[in-house]
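Each of the next two complexes has subunit A plus one more chain, namely subunit B in the first and subunit C in the second.
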Partner chain A sequence: MQEVKASMAGNVWKIVVSVGEQVEEGQDIVILESMKMEIPIAAEASGTVKELKVAEGDFVNDEDVLAVIE
Partner chain B sequence: MHLRRKENRYTKVFKRGGRNMSYLEELQGRIQKIEKGGKDKYHKSNEEKGKLFVRKRLELLFDAGMNIEDAFFANCMDGDLPSDGVVTGIGKVNNQDVCVMANDSTVKAGSWGKRTVEKILRIQETAMKLELPMIYLVDSAGARITDQIEMFPGRRGAGRIFHNQIKLSGRVPQVCLLFGPSAAGGAYIPAFCDIVIMVDGNASMYLGSPRMAEKVIGEKVSLEEMGGAAMHCSVSGVGDVLVKTEEEAIHYAQNYLSYFPANFRTKPNKVEAKPVPAFEKSITDIVPENQNAPFNMYDLIDRIIDEGSFCEIKKKFAAELITGLARIDGSSVGIIANQPRVKGGVLFTDSADKAAKFIQLCDAFNIPLLFLTDVPGFMIGTKVERQGIIRHGAKMLSAMSEVTVPKISVIVRKAYGAGLYAMSGPAFDPDCCLAFPNAQIAVMGPEAAVNAVEANKIAQLPEEDRAAFIKQKQDEYKENIDVYRLASEMVIDAVIDPNTLRQELVNRFSIYAAKNVSFTERKHGVYPV
Partner chain C sequence: MINKVLIANRGEIAARIIRTCKKLGIQTVAIYSEADHKAPYVTMADQNFLVGPPRVNESYLNVERIIAVAKETNACAIHPGYGFLSESEAFANRCVEEGLTFIGPTGSVMKQMGSKIAARNAMKKIGIPVVPGTDDAIATIDEGLKIAKQIGYPIMLKASAGGGGIGMQVVNSDEELLKAFEGNSKRAQTFFGDGSMFMEKKIENARHIEIQILADHHGNAIHLYERECSIQRRNQKVIEEAPSRFISESTRQRMGEAAVKAVKALKYTNAGTIEFLVDESENYYFLEMNTRIQVEHPITEEITGIDIVEQQLHIAAGKELAIEQMDLRIDGHAIEARIYAEDPVTFFPSPGHISNFELPEGVNVRNEVAVTADYDVTPFYDPMIGKLIVKGSNREEAITLLEEALSNYKIEGIKTNIPMLQEVVKHEQFRKGNTTTAFVENFYQK
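Let's turn to the complex of A and B:
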C-alpha cells in the first residue's frame, strides 16, 4: 500500500484518476494549485487507486494524504 | 629460506619468535602482516555487506596506486591494531596528487585511538602545506572509549580533526566517501566536507546510535530510519549523493574532482569540449508559454551543456532546485536552476540551504555560476515562517551576493518577488542578466497582483462582471511588466532567442573568465544562519 502525499500546502485543483483505476509509477494522481503554479503529484509505485482522500477545491497541507494506492 | 642465504655482514641477524631472522625478513614479515588489516572474520563480514577492504578501495580510487604512505607502522608494537585502523597517504586522481585518509573497519571497527587521530591530523596538515585536495574514506565506529584521554579532549585530540577541516575548507576540495558508519563525533567529518557520497544500505551518520536513543530518550527506531544513507540524502540533506555500491561512490568522486582545481589559487582544468547532442525538440518547444504549467528543467540543461557532463549534487534533496556541476565548451560551470516540475519550482528552506552551500562551493574553487530562473518566489504560509524561511532565504542571498566568480543569470520564464533576488537578479551584480522573450519579472505574478491591488473593487462588482474585469487588469499588468519594457529600462541586459542560449553562454563565459574582483574589505560577514 502506498500513500500519495501532498508535497506542499495548496488547493486541490484537479483529481486526474478515479477509484479502481490502474496507475503506473510516475503517473500524475492529483494536481495541486499553489503559489499560482500547477503542482502535479505523481504515484511513487504502480498499483490500483484504492481511495481518494480529498475533493477538488480542498485545502491540503504539506504531507497530507491525497490518495491510497494498492 | 631465500633471504637467509643472502645474509652477509650487512644483514644483521635478529632473534625473533625463537628463530633467527634477517632484518629484511623481519621488515617483510611485518609489512605483510600489517597490509592484511584486521582478522579474517572481519574481512568476511565486510565482504558479506558488499564492503571492500580499505586497500582495495584505495587501489580503485588512485590512477596508479598510492605513491606515499606514512605511519604505516603506527601502533605496530600492539600486534592487533595494524596501522592503528587508518591508512593515510598521497596518490594521484585524474593525474592530480590528493591526500587521503581511509578507515580500516577490519581493525576494531575502524575506531579511533591516539595514533589514528594523529595520523589523520598529519595527513590533513600535509594537505594544508601542499594545498592538495583532501579525501576522507570513512568507515568508523567512532572513538575508542578505552583510549579517550589520549584521543578525545586534548590539543591533538579528535576535535583537532574538525578544526583542521574547517581550516582547509575553501582552500582545497574536501570529499567524503561514506562506506560505513560515521558515529557520534566522527559524524562531523562528513559534515565539514564539501560533499558526502553515501553507499545505500551501509553508510550511516548519527550522533547517538538507536541503542543509545532507546536508553536515553526512550525512542525506538532503526538505524536506517534514523541515520541511513537514503534518509540523509533525501530528508536531512547531510548527505549529498546516494550510490548503490562502493565502486560507484569512488567513480563519482573521481568524476566530481575533475571539475575542480587542486586548490583555491588555481582555476579548474579545461577539457575537450563536447557538443550538445541533437534533440528532436528545441528549447522553445519544451518551455511552455503558460507561466503556471510545469516543465522539466533537466531538458533545458541538457540542451546547453556538453553532452553527458552533468554531475548533480543533492539530487534527492529539495528537488525543486537543481544544483550541479557541468561543462560548457569544456569549462566547468556550476548550475543553479529552479525545477518547475517539483513543487512548482518554489523556493523552500531546504532549497535555499542547498543553493547557499553549492554557490559557496563553486565560488571557493573558481567555478563560474549559471542561474536558470523560473521561480514563483519563496514559499509562504505558517509552516515555512515557523521554519524561518526568511533567514534560510537570507543565507542563499548572502552566498549568491558575495560570489566573485563570473555569474550569469538567465530568466527562463518568471522571476517573482525575492525569487528574482535569490537567483542572482540584476541588483546582485551578475555579469549579465539575460531573458527569454516571454520572461516575466515582477514583485508577484499577474494573478496575485490583481488580487492584491484590486481586491476591494472586485468585491464591489456584480458577480458576472468580475471575470472580465480581472482579465482586463491582468492583461494591463502583464503589459506593464513586459520583457521589452524591462529591456528598455536596462533591467535586463539582453533578450535572447532561447535556442541560441548555449552559444550565448559559451561566448560570455569565455570573455568573463578574465574577471578579477574582490567582494568587500572586512574580516568576514556575519552569516544569517
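Let's turn to the complex of A and C:
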C-alpha cells in the first residue's frame, strides 16, 4: 500500500484519476494549486487507486494524504 | 478631489499605495482576507476591513463586498493595484456606476487591451509594429497547421486571454503544435474562461523591453522611458532594470514616441505600460499593453524621480499632467530583484512560516515588502514577498549595490529565490548586459 501525499500546502485543483483505476509509477494523481502554480503530485509506485482522500477544491497541508494506492 | 482611497489589493503594492496617499494627505482604507489579517499593510491604512475567506473569489475578487466597504467608509476612489481586479473591465465600469473613481483607464480601453488579439490588431492599425502572426483566433488545429507553415517555426502558441505565462508555449514543429494545441486551449478555458488561441513567430534572442506611459484626461501623454525585463523564469519576470543597456538612444526615442502615439490613439488614460519584444537588430514589436501599475514601476521612479502612484491619483482626480516630455531626463541606473517564496532550483513555491526577517539597508537601497518576521506565507496568493530596488550612478555601480544588498537580505523559515538571484547577478553574461529572455534557460538551468 502506498500513500500519495501533498508536497506542499495548497488547494486541490484537479483529481486526474478515479478509484479502481490502474496507475503507473510517476503518473499524476492529483494536481494541487499553490501560490498560483500547478503542482502535479505523482504516484511513487504502480498499482490500483484504492481510495481518494480529498475532493477538488479542498485545502490540504504539506504531508496530507491525498490518495491510497494498492 | 480625491480625499479617501480604498485599496482593492494586498501585500507590497497595497503598502506602496498607502505610502503615497499618506504623503499627499489622502485617507486610506485597506481590505484583507482571513489569511492576511497579520499582513503589515493592513495596519498601515487609516481603516481596514475584512472582506472574506482566503480564496480570492471570496475576498480580493469579491466585487460586491469591496464596493460595500467603499460606500460604508465614504471612500471616493478605488486603487486596484496590479493583478486581482486591476484589469477587470466589469469592475472599472461598476465603480463608475457606483459613483466611485476607478484609479486606472476606462473599462472600454481595458477590454480592448485585455484581449491579446484585439490589442494586436488595434496596434497594427495605429502603425505600431507587431510580431508576425495570426490576426484572428485559430478555430481548428488544421487552420493552425496551415498558418504555422506560413509563419515558420519556432512559433509561440498563446492564449488570447492569457497572462502570467499560462497557456503559452514554444512549438518547433507540426508535431509539437498538434500536441500542445488542445491542452493549452483547454487550460486557457479553465483559467481565463476563454480558450481562444493565436500564434506568433518566436523572435530569437529577444529582449523584453517595455515603455511606461502616463496620460491624462486632457489629451496629454508622456513616456517615462523603458524598463528591460528580460530575466524571467516560467515566463515571469525576476530581475528588471532601467534604462536598458542594449538599445541605442535613437531606438529609445522611437520606442517612446511609438508608445505615446499608441496611447493617444487609444484615448488611454492614467498609467500604463506597453511591452515590446526587441530583436538583435533593435527592431521592436508590440507584445501587449498592461492597463495598470506594474510590479516593476519603482525602477522607473528611481531614474526619473517621479512618483507614479502620485501621478495616477493626480490623473484620476481629473487634473492635467504637470510634467512635459522635455522636462524628463534619465538619472543613473536602477535594478529591481523580485523576492519569491520558492525553491531556487525547481521554482516550486515554498509557503511556510518566516521566523527571521531582516532587510538590507542603504541610501540607494529601496525595499517594498509584503511580509515581516514571525509571519506565515500562505499558499493562497502569488509567491512574491518582496522587491529589492537599488540605484547606482551607472549599471556597474547598481550591480555592486544589488550584490551587497542580496547578501544582507535575511529570510529564515522558508525557501526563497535569493540564491538564484545572486547567481544571476554575478554571472559574466549578466554583467556584460547579455540578457535575453532565454537567460535563465541558457545560463542558469544548464
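Everything that follows uses one rule, which is that the second predicted complex is superposed on the first by the 70 of 70 C-alpha atoms of A that agree within 3 Å, B and C clash if a C-alpha of one lies under 4 Å from a C-alpha of the other, contacts with A are read in each partner's own complex, and residues count from 1 in each chain.
Operating definition for what follows: a contact is a pair of C-beta atoms (placed from the backbone, for glycine too) under 8 Å apart; a residue touches a chain by one contact, two chains touch by 3 or more.
If you're wondering where the values come from, they're calculated on a predicted model, not measured in any experiment.
Legend: residue contacts after superposition of the two complexes on their common chain; A:39 is shown touching both subunit B and subunit C. In the superposition on chain A, no contact is made by A:25 with either subunit B or subunit C.
Within the superposed three-chain model, A:70 lies out of touch with both subunit B and subunit C [touch as defined at top]. Using the contact criterion defined above for the overlaid structures, shared-chain residue A:51 touches neither subunit B nor subunit C, since it reaches no partner.
By the document's definition of touching, of the two partners only subunit C reaches A:11; subunit B does not.
Comparing which residues of subunit A touch subunit B with which touch subunit C, the overlap comprises 7-9, 34-37, 39. Contact residues on subunit C toward subunit A in their complex (touch as defined above): 55, 164, 234, 341-342, 348-351, 378-383.
Across the interface of their complex, subunit C is touched by residues 7-11, 34-37, 39 of subunit A.
Of all the residues in subunit A, the ones that touch subunit B in their complex are 7-9, 34-40, 61-62. Per the touch definition, subunit B reaches subunit A in the complex via residues 292-294, 340-346, 348, 376-377, 379-381, 383, 445, 447-448.
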